[in-house]
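Before we start, here is the structure in question, set down as structure tokens.
Naming follows writing order (A, B, C and D), and every chain is counted from residue 1.
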Amino acid sequence: MKVAFLGLGAMGWPMAKNLKEAGFEVLVWNRTEAKARAHAERFGTRAVALEETSEAEILFTCLPTSSEVAAIAERLAGRLREGTVWVDCTSGDPSQSRAIAEALAEHGVAFLDAPVSGGTQGAEAGTLTIMVGGDPEAFERALPALNAIGERIVHVGPVGAGHAVKAVNNTLLALNLLAAAEGLATLVKEGVRGEVALEVINASSGRSFASADLIPNRVLDRSFPLTFKLGLLAKDVRIGARVAEAAGVPALAFHLAREVYEIARRTLGNDADHVEVVKLIEEWAGTEIR
Amino acid sequence: MKVAFLGLGAMGWPMAKNLKEAGFEVLVWNRTEAKARAHAERFGTRAVALEETSEAEILFTCLPTSSEVAAIAERLAGRLREGTVWVDCTSGDPSQSRAIAEALAEHGVAFLDAPVSGGTQGAEAGTLTIMVGGDPEAFERALPALNAIGERIVHVGPVGAGHAVKAVNNTLLALNLLAAAEGLATLVKEGVRGEVALEVINASSGRSFASADLIPNRVLDRSFPLTFKLGLLAKDVRIGARVAEAAGVPALAFHLAREVYEIARRTLGNDADHVEVVKLIEEWAGTEIR
Amino acid sequence: MKVAFLGLGAMGWPMAKNLKEAGFEVLVWNRTEAKARAHAERFGTRAVALEETSEAEILFTCLPTSSEVAAIAERLAGRLREGTVWVDCTSGDPSQSRAIAEALAEHGVAFLDAPVSGGTQGAEAGTLTIMVGGDPEAFERALPALNAIGERIVHVGPVGAGHAVKAVNNTLLALNLLAAAEGLATLVKEGVRGEVALEVINASSGRSFASADLIPNRVLDRSFPLTFKLGLLAKDVRIGARVAEAAGVPALAFHLAREVYEIARRTLGNDADHVEVVKLIEEWAGTEIR
Amino acid sequence: MKVAFLGLGAMGWPMAKNLKEAGFEVLVWNRTEAKARAHAERFGTRAVALEETSEAEILFTCLPTSSEVAAIAERLAGRLREGTVWVDCTSGDPSQSRAIAEALAEHGVAFLDAPVSGGTQGAEAGTLTIMVGGDPEAFERALPALNAIGERIVHVGPVGAGHAVKAVNNTLLALNLLAAAEGLATLVKEGVRGEVALEVINASSGRSFASADLIPNRVLDRSFPLTFKLGLLAKDVRIGARVAEAAGVPALAFHLAREVYEIARRTLGNDADHVEVVKLIEEWAGTEIR
């Protein structure tokens, strides 16, 4: 079976590799062509021009935002064969996804929004969680390929539902992290060591992925490794807040998160790691969480 | 060794029992005297007048707020023997605790703030997490008794630090729960079933105790069992916000939580369960998380 | 000169009348046709089919939202004569306005967004403030007609700028009113009479249109007359927050207002008056501002 | 009649002068003694030791916070004559004021909280607005002296009510200013000149003292004169939020203002002017309101 993979970033690069290793014939394309050629050389995939990706039966996109997906969909739509399944792993916007799906449907192409969770580590190991929105029958057809890159593959609803779940998940991450930062900064200023505070919180009802994983492993040791850009999390929180708004859900916390991550992004730069939002709270508080 | 236990509520009742079963001589006192007598009859403790509790070497309090602790401390202070350790398991206020500790210190009495986490189930089983603030030497003296009621006993800092850690933990719980409620209400309105959304979120970076335990077991099945009153969580969040304020930490999320739980408490009543805050978000959104 | 007026609501009805009285030949159209015929009978305007409005040199729209304007623009675009000026008095959305303007420009039609301020009273008296965005030359051509309905007519910037100014103004109104409601509810509960508190505030630095006009004349006497629907103000605040977002301005207060007015709208109904948001604060506080 | 004036800061200095010019015998005291001597030399008042101020029939305080007032009240309480009226013009805290009033009442001294509004200009001209809380009979006795320093003197309620009204007024100022800053930053980034935007807003429903006076006269010309310190406004907003909390009023906007001004104060310094909060919003937005 022939698949195409468009977008060989930190996530896409190992995902395309895993598809190849699972036995698929893999066409790769990247905006910076050299990267596609390097992938082909290293893993035996085939670097092609954008138009050639339309030959694939399953076409993956893994791009920065839905706008890039829409631009490529516009260029390829007329060339794609009826029955093609387009699997979009971008952390995208549900409303844009619905528009893309509609446009592709006119050409007999099914669109699945299929954002992933698990980081570069999960992408490498093929153990990603994949949340998929779209037609169940198209989902079934894409499943063998999805199985090559993920471990927990969940069909969550109609087109857009995958992106909605991803945006909400990341907004929860953003809020739990913000809350933990405010709380830890407070305790440190009250004379409690961060490690001790977290020992208690992580054995209690206040625990979250942020308090149990991010703060201990990235903040207390002041390492702040770059694994997920602040600018991208801020974008996801913007989408999360917009989805809540579109759904008619008053969401005071979601919108607060939106503004705080916007301030953080503008203060620390889009290329900082997402956990560095903690530094904004620390600067305001005049302390360091240790 | 003689210990006294003041306050036989849902938490204090089994804690006093566990002290007795661990071999301590236990004096019990309760505002409603009949409750103390019932405890004595059932577990072989001894119901006494408030003044008699001053005979104990270690005196526990487990009351609604620090104000009740302060009132009792004022009445007992002159009677307590030098060297007594006062262990306050109330979810109290750090600044009030520091004032109580100062007043008791004049009589040679050491004060430890030692709030607990683990719910009535943990209190029953003697597996509570206990976060203790105060003099390390007094902590050592109280440790045998603390071991009878808890499993994870952590000395977190000076007087007030225990209450500060508890208040921050509960404010994190409050915020993580609020965030999860907004997110789930949004996804349900977008056509994603709650169970499916949580399967993904709890395998991803957005997870928290609220999303992994409270929402699946209490909201999806609409059971909302009463285990921790909304009025008490709202009080803890008020303390959490006040501690952040006193520490000089700008804390947008903490203060938002404070106001939302105040609205919830006033709308749903103090006696609702804390998880029922979800119903406030549902009502605003016009949906039910299922 | 022939002008058309589309949308004879509470504002449009007297505005169309004033155009007629200023000597213009006025074609009127309304979704409910009977209303247009009544206007024609009463004021000597001419009720026409939608298509006929394309004969006008200047075409006014005054509709609930930009979506209705876009729908009509799509139907009329091909029929409009080159050189027509479209004056949109709707409290609309800048980004939608820019899209409409672009589409109309292809047919040689200039689009001005020209929302108004001053209420039904100002519409009746022809004393509206009009904030206009768009091409300065088109603005000059429309000015004689604008002078017939308004007193203070300000060219504020390019297409969309009029709607942006209107949305920001109304978001300021919403926030100043919310702040005044929280403050007055607090003072009343502290034993200060509303009238006395306002006497001081309105002579001091805390005063606003909300504290100086709305609260004294509509809240203290519990009259809450219906002059501007809560649902419409909530829409304007949504636009205000969206414009801030699009402009890249972190705006914590704007987004808080957005959510509070969304809660108010859902709790009190879209048809309540906008000042009734005060009742939401009163209900939360358990008091009445008197 | 003998009056004492304690605290010769930017406000107190001209207020004490006006009392003297109205014919009162005026004793002055200041923490920095030289300032009191300079006042005496210049205006014919009498610089005295703190203890001597107890001779006055009416004793004014005008200090940074209620804590300084409480400290002085403790030192003077035993010396004051029965029937003395203590008039506190500090922008203080209602709950602290109630405690001071209670302590002074034991010595037969009446306490009025009497914060002022009108700035240094109003203090100089004797045209201040004075909001007074406390016993009506004591208010009548103090009235002749109050008339010497203010123009609009309003008895607003029991002890603490004056400080509550002042704190609420200043919190409204803080919120209206924050809202105006967010709105203007947005419009400027959308291509509207600040002056043009304000022309419309100040003729419409969004106007406030902040939009009509502060922004045009201090921001547009980038002058930001120092008339009222940011640290002092932040303190007043803290009191405003605390009064709302104590009154049991959920106040989302008040608490948001509290946190934003705390961030501003920590970022820009306590000694910046209060209007410089605008610079924080501008920095976040990457623009300048002109």
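Please note the rule applied: a contact is a pair of C-beta atoms (placed from the backbone, for glycine too) under 8 Å apart; a residue touches a chain by one contact, two chains touch by 3 or more.
Since this is a predicted model, take the numbers as computed values, not measurements.
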item	value
Chains contacting each of subunit B and subunit C, listed by label	A, D
Chain of greatest Cα-centre distance to subunit A	D
Inter-centroid spacing, subunit D versus subunit A (mean Cα positions, whole Å)	51
Centre distance in Å when subunit B and subunit D are each reduced to the mean of their C-alpha atoms	40
Between subunit B and subunit A, distance of the C-alpha-averaged centres to the nearest whole Å	37
Junction residues of subunit A, two or more chains touched	248, 250-252, 256, 262-263, 266, 284, 286
Of subunit B, residues touching subunit D in the complex	238, 245, 248, 250-252, 255-256, 258-259, 262-263, 266
Complex contacts: residues of subunit A adjacent to subunit B	94, 117-118, 129, 131, 152, 154, 156-158, 160-161, 164-165, 168-173, 175-176, 178-180, 182-187, 189-193, 196-197, 199-201, 203-211, 240, 243-244, 247-254, 256-257, 260, 281, 284-287
Parts of subunit A lying in touch with subunit D, wherever the complex brings them together	252, 262-263, 266-267, 284, 286
